[in-house]
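Working notes, structure below.
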Amino acid sequence: MPVKTWRKPLDADKVKSPKGEVHLIKDRCKGCGYCIEYCPKDVLEESNEINARGIHPPRVIDEKRCALCGFCTAICPDFAIFTTEKNCEGGC
Amino acid sequence: MSENISQIPQKDELRIGVYVCHCGLNIAGTVDCKQVADLASTLPHVVLAKDNRYSCSDQGQELIKKDIREHKLNRVVVASCSPRLHEPTFRRACEEAGLNKYLFEMANIREHCSWVHLYEKEAATEKAKDLVRMAVAKAALLEPEEEMTVPITQKALVLGGGVAGIQAALDLADTGYKVYLVEKDPSIGGRMAQLDKTFPTMDCSICILAPKMSDVGRHPNIGLLTNSDVLEVKGYIGNFKVKVLKKPRYVTKDCSACNDCAIACPVTAPNEFDVGLSTRHAIYTPFAQAVPSTYIIDRDLCLNKENIIVCDKCIKACERKTIDFNMKPETLELDVGTIIVATGADVYDPAKLVNYGYTRYPNVITSLEFERLINAGGPSSGRLIRPSDMQIPDSVAFIQCVGSRSESGNLYCSNVCCMNTIKDSLLIKEHWPDTKIYVYYVDIRAFGKGFEDLYKRARKEGVLFVRGLPTEVVENKKNHDLWLVGENTLLREVYKTKVGMVILSIGIQPRQDSEVIQRLCTLSRTPDGFFMEAHPKLRPVDAPTGGVFLAGCAESPKDIKDSVTQASAAAARAGILMAKGKVTVEAITSKLIPDYCNGCQMCAKVCPFNAITVVPERRKVELIEAACSGCGTCSAECPFNAITMRHFTDAQLLAQIDAATELDADKKIVAFCCNWCAYAGADFAGVSRMQYPTNVRIIRTMCSGRVAPKFVERAFARGAAAVLVAGCHFGDCHYINANYQTQKRVERLWKKMERLGLDKNRLQLAWINASEGERLASKIKEIQSIVGSVNFEEIEKSKKMTERG
Amino acid sequence: MTNIAIEKSKVVRSGRRFMSGDIACAEGALAAGCLFFAGYPITPATEIAEHMARRLPEVEGVYIQMEDEIGSMAAVIGASYAGVKAMTATSGPGFSLMMENIGLAVMTETPCVVVNVMRGGPSTGQPTMPGQQDVMQARWGSHGDYEIIALAPSSVQEMFDLTIEAFNLAETYRVPVSVLADEIVGHMWERVNIPDIDSIKIVNRKKPTAPPSNNFAPFKPEKDLVPPMAIFGEGYRFHATGLTHDERGYPRTESAEAQTRLVRRLCDKIRKNRDRIIRVEKAMLEDAEVAVVAYGIAARAGLSAVRKARARGIKAGLLRLVTLWPFPDEQVALVARQVKAIVVPEMNCGQMLREVERAAKETPVIFLSKLGEEPHKPDEILDAIEGVQR
Amino acid sequence: MIEELGHPYEKFLRKDRIPHIWCEGCGNGIILNCFAMALDELNLDLNKVVVVSGIGCIGRVSGYTNTDSFHTTHGRPIAFATGVKLANPELKVVVISGDGDLFAIGGNHFIHAARRNLDIQVICANNFIYGMTGGQYGPTTPLESWTTTTPYGNIEQAFNLVHLAAACGSVYVARWTTLHTRWLTEAIKKALQKEGFSFIEVVSQCPEIFGRYNKMETPLKMMKWFKEASVVQHFSDPAKAEITPNRITVGEFVDIEKPSYGRLLREMTTRAAEKK
């Protein structure tokens, strides 16, 4: 049924969709760019900083977007990135 | 009653009997039927002409039969109403008297004459005479035809899984026919599944629907295709070939609906089923009682796009390993004999009515949102809460006719809103008796069984009914309370009422995608946009296309009871066809005269049904009669007169043209109208008594595609002042796209007329559907003005049109 | 896979038995505790494989016939790392294929035994004929610099004894040990005295004493320069590689220091233990003026030649080399200083000869070469001895 | 120092060996990653897992897994694994090596181990080239592609590895690319639980060399190729699954049951041991 939904669902706060926390181990990064390219939520982008290997590691644009799918962890050839679930007790 | 009877016949001579019907005063009130009968008796081959009160009555029919036998009539003409109404009646009579029914012809002197020229008795009578002349002229050339019978596939397709579709499918399946139920949503149930209670009985909607849904789910005769779209419908009555796209659910049917996957799914969106009042995940089931219960993945929302799986949370969560992102869409090809269209309706979007503040004020909700809120299984567990503060309001107002019966929305009455509001008001009273309830209305329409009682009950319970819709809803920004301002038209005073919540009683409107279904099943739609029935009174569930039937809100706004009734009716109608196992198709098909054919293949190019195949070695074409639907556009296209059309032969049509232009041609408009749209439109104009000039002579063809350039040229050559070619709108053509050829031909004719220095305005092309009587009437008025401007030279010039062309 | 449950009689068929050298070799392996044989059929070593194929399953050991000798050697190393005493048996052509992984066994310090029943080469040569032509290949056959152990049985009894000895040395020094037999010893049938199992000396590899830990160093040597050997599945989770590596077993491909350290130790653990490894057999050498230095089948002809010489009053003696590698330099030098000349009968064109000459310094060395079907006849050697006397 | 980094898969790695030697965007790291995920999800006793590798870039993998591991000579990992597995059937022996190592110099060992249905898992990183030696063509290099030893384009036909593995009798055969990490991980898990010889071909990228030589000079370009060319199709005919520039059929090709070498060996040994 084609419905234009505009309201914030009444249960929006109850239904938990996990919030992710992105951890970068910058000096391990070799700059292949997989995590940036394949993040379904476009959480990452290339940063300007230069790591120990002389390349630009990714940086988090907007962590709130992270849906915790963990693909960055899976696709990273260098074990340089991983995500954990944010503790949202105090709200995120 | 007068009689003119001639001598005993010699064999083989044509013996035509003409009957001019009074139709009580319907015709006789305007047309001098006796004069017409007298004229008829003077026409060639007419051996008998009578006028009588009701030709369609039993006595009327008996008379015709008797005459056929006694006077050896071998052609019969009845001048009365539209052949679309009574041709079958008289044909049957002829057959019973041993006369081939294709030797019968009708002159439409009611819808096309008496009713549209109520105040021009003489002119109308002259026109009636012409119409009889034309009919007799054609009759003289009629030939007996053998009808072909085609087998009917004893399977049905039901489009739409709402309560109507469900009922139709179950009825047919229980009768023993195989049914394919195609639903585009993930579950069947439709609108009814969203409702809390049903009026007037106040019983729980899903409680009575769910059992039917599961019956469908497990019925051995029903093939349930949810999440599916119809791509293509080919073929004809009894022999439809339907392509259905079954979109993947990405979950196999081993799904136990345990919901573990949804809990694991990281992404969410508003649940359409709850009108966005609750949340669902990318993998979900729309509601608890969904059928099939198998979950589905919304790939637009899911993190996994195209060829990669980034997120496998659901896959991991699923114990039974039922998730398969590798599923592909399948296209199924179904052979069915009948189709029931039960595609339902949309609801009106009140955001358009800015003054009511929907989507601006949180506490203004729609009646559909109300259903979800008041529903115990709904997003608020049955508590009617204000979205602004989650509090139960102490006062609510219903606003009626939102999007109905008004220029700002739809013109028609949505039929269910009044009772639905009354039901809703009682539900509120039942849960929270102290709630103050106002209903702002135009009229309360409580016409159905048990409706009035419910209305009375509501009033007894203290629901306040105020006549006069508010002009505006204003919000108190602080506490989101709402003020309604308007005029109470009974008390003639302005009201200004404060309530905690406003419920907009929104109307029903045609599906956005109606055009698609319309095109697929070659249906027609009323100006309102709902699908049109073959006859509003006598064939209310048949679509104009043979083998297709209508049920539920797709045909017009209606409540559950009516939808179910109509569904059962549609199922019965489809059942009748399939029970017969075969159907005879009218012997109105193209006919090839091989000797004339030189294999140029132009006919094959224009045939919409691929009924013409080419035999290269013989440099000839071949005609597949079973596939021919009889539009006749091939015949119109053939440059060598190698194809003609049974019952609408060139000779017959030319004879009609000649007869129409026998007297004062230079004042006349010859109109070619297609049977399904333009001619029906003219009938509609008649039924609606729309008056228009008398000098038009309508010639019926099955399709405007049948109108060969030579017919138009003949009319002009005969000195006609103007010619109208009228057919269905593009997309409405009952022969898929034959009317595109019509346009091409008319354009060619226009060019030719320009070349010959003729006024091309004398040839008019119009697209008029069956409900556009008004359009036809005004078109004819328009042409009338042109007729006035056509002078003698112009006519003389055009008389040479054929020779020079 | 452990044969503790198996009754001893099944493992060691004690008593006086009549068998061929190849069979004796197989029985010796079993007695030494070998439970894995990977090989590829080749004359004249095939009987070892055949006997192992029959006997190993009886003692719950594994016999597998690989696709080639390269694989056989690799499988043997794998089995050894899984904690099982493992061997293979072959002849010249197969021995050549094994060289690649013998190198790997050296580099990864893998205890294992390779029996080479020598035949006539080069290439396919004379499959059914005896030879002693792989002596140098046994020493230098694999690329790179290393030390290795090779034993040369000269009787069927020794095929039994030295196979056990080979396993013991392999386990002690974590090194592949070759048993360099020849076609005659391999196919010859003789009486063999198989002792009671308890009287057979069996050595098992040293095990690490420390429990598994994050900084466990699998290649950290002890005083004897040999690292205790951890095996797969015991929780040490260690890494071994054919690359130059440090004591953790991790590759050190660019460090000269690591290369020097590792390769030196691999050589030293043999060199510095040579006295414990080397075995020779002396006969009538006390007052000898002429000495026959020989090994394998040639040593048997040498012995009877020496006896005949003594009968003729010639002071002759025999030094039989049981250990070919590491080469018994001192033993030969000692004899060389005492005698006028040394006679070396060998079934090749002079391989061990070079080592003897090197050790004998000025002492003249007479070489008796033999190729093809015929072993040396005692009289041929006797002639040489008498020649010295004249 | 790794502990506080807290990467979820570090317990499967020799923490003191990371970062590894592989180039930017090399598929080997992803394969190692998926292997770690598989171990994690199956939660196998790491003390009973042995990783064996051969020579080549991926050969270094055994040095990074926190298990018993052995880095053999070129082409021999399967033969070595044969010894380990038969000597101690309790161990899960996984061979992870390259296309050149397993199918050129080591081809013989592969086909015979598969024929025997030896209980080992073989994961092949197929990068179409000899990377460690600087980019020479190998047994899987596609026809007409460019390498340092095919300066005029490759004129050799390439092995279709899944077809080869199936023909040799493997009980489980799958092919995925390094982009299909989730599927690949599932495949590794499945293989690890299978009795008998299982084979997984991982179509992997060598952007540094194969990529540069073949107009895919960045890691992302190679991944793009995998994304666009790969078609998931389970149990299709392996014979028709050659890898071409515009099609890489991925999915499971074989999943059958038949008695493994280990099982038959045990039965035979019991028969033999019982006989007096």
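Each chain gets a letter, A, B, C and D, in the order it is written, and its residues are counted from 1.
Methods note: a contact is a pair of C-beta atoms (placed from the backbone, for glycine too) under 8 Å apart; a residue touches a chain by one contact, two chains touch by 3 or more.
Owing to the predicted nature of the structure, the values given are computational and were not obtained by experimental measurement.
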Highest C-beta pair count, chain pair: C-D
From chain C, the most remote chain by mean C-alpha position: B
Whole-Å gap between the CA centroids of chain A and chain D: 30
Centroid distance [mean C-alpha coordinates] between chain D and chain C, Å: 37
Centre-to-centre distance between chain B and chain A (centres being mean Cα positions), rounded to whole Å: 53
Centre-to-centre distance between chain C and chain A (centres being mean Cα positions), rounded to whole Å: 62
Residues of chain A whose C-beta touches two or more other chains: 38, 71
Residue list for chain B, restricted to those that touch at least two other chains: 308, 310
Contact graph of the chains (line, ring, star, complete, other): other
Chain B residues touching chain D - in the complex, by the definition given at the top: 306-310, 312, 315, 326
Residues on chain B engaged by chain A in the complex (per definition of touch): 185, 191, 265-268, 270-279, 281, 303-305, 308, 310-311, 313, 346, 349, 351, 359, 362, 379-380, 385, 387, 390, 512
Partner chain B, residues of chain A touching it in the complex: 1-7, 9-12, 15, 17-18, 38-41, 67-71
Chain C-facing residues of chain D, complex: 14, 17, 46-48, 50, 52, 60, 62-63, 66-73, 75-76, 79-91, 108-109, 112, 265, 268-269, 271-273, 275
Complex contact set, residues of chain D against chain A: 5-10, 13, 18-20, 22-30, 32-34, 37, 178-179, 181-182, 185, 207, 218-220, 223
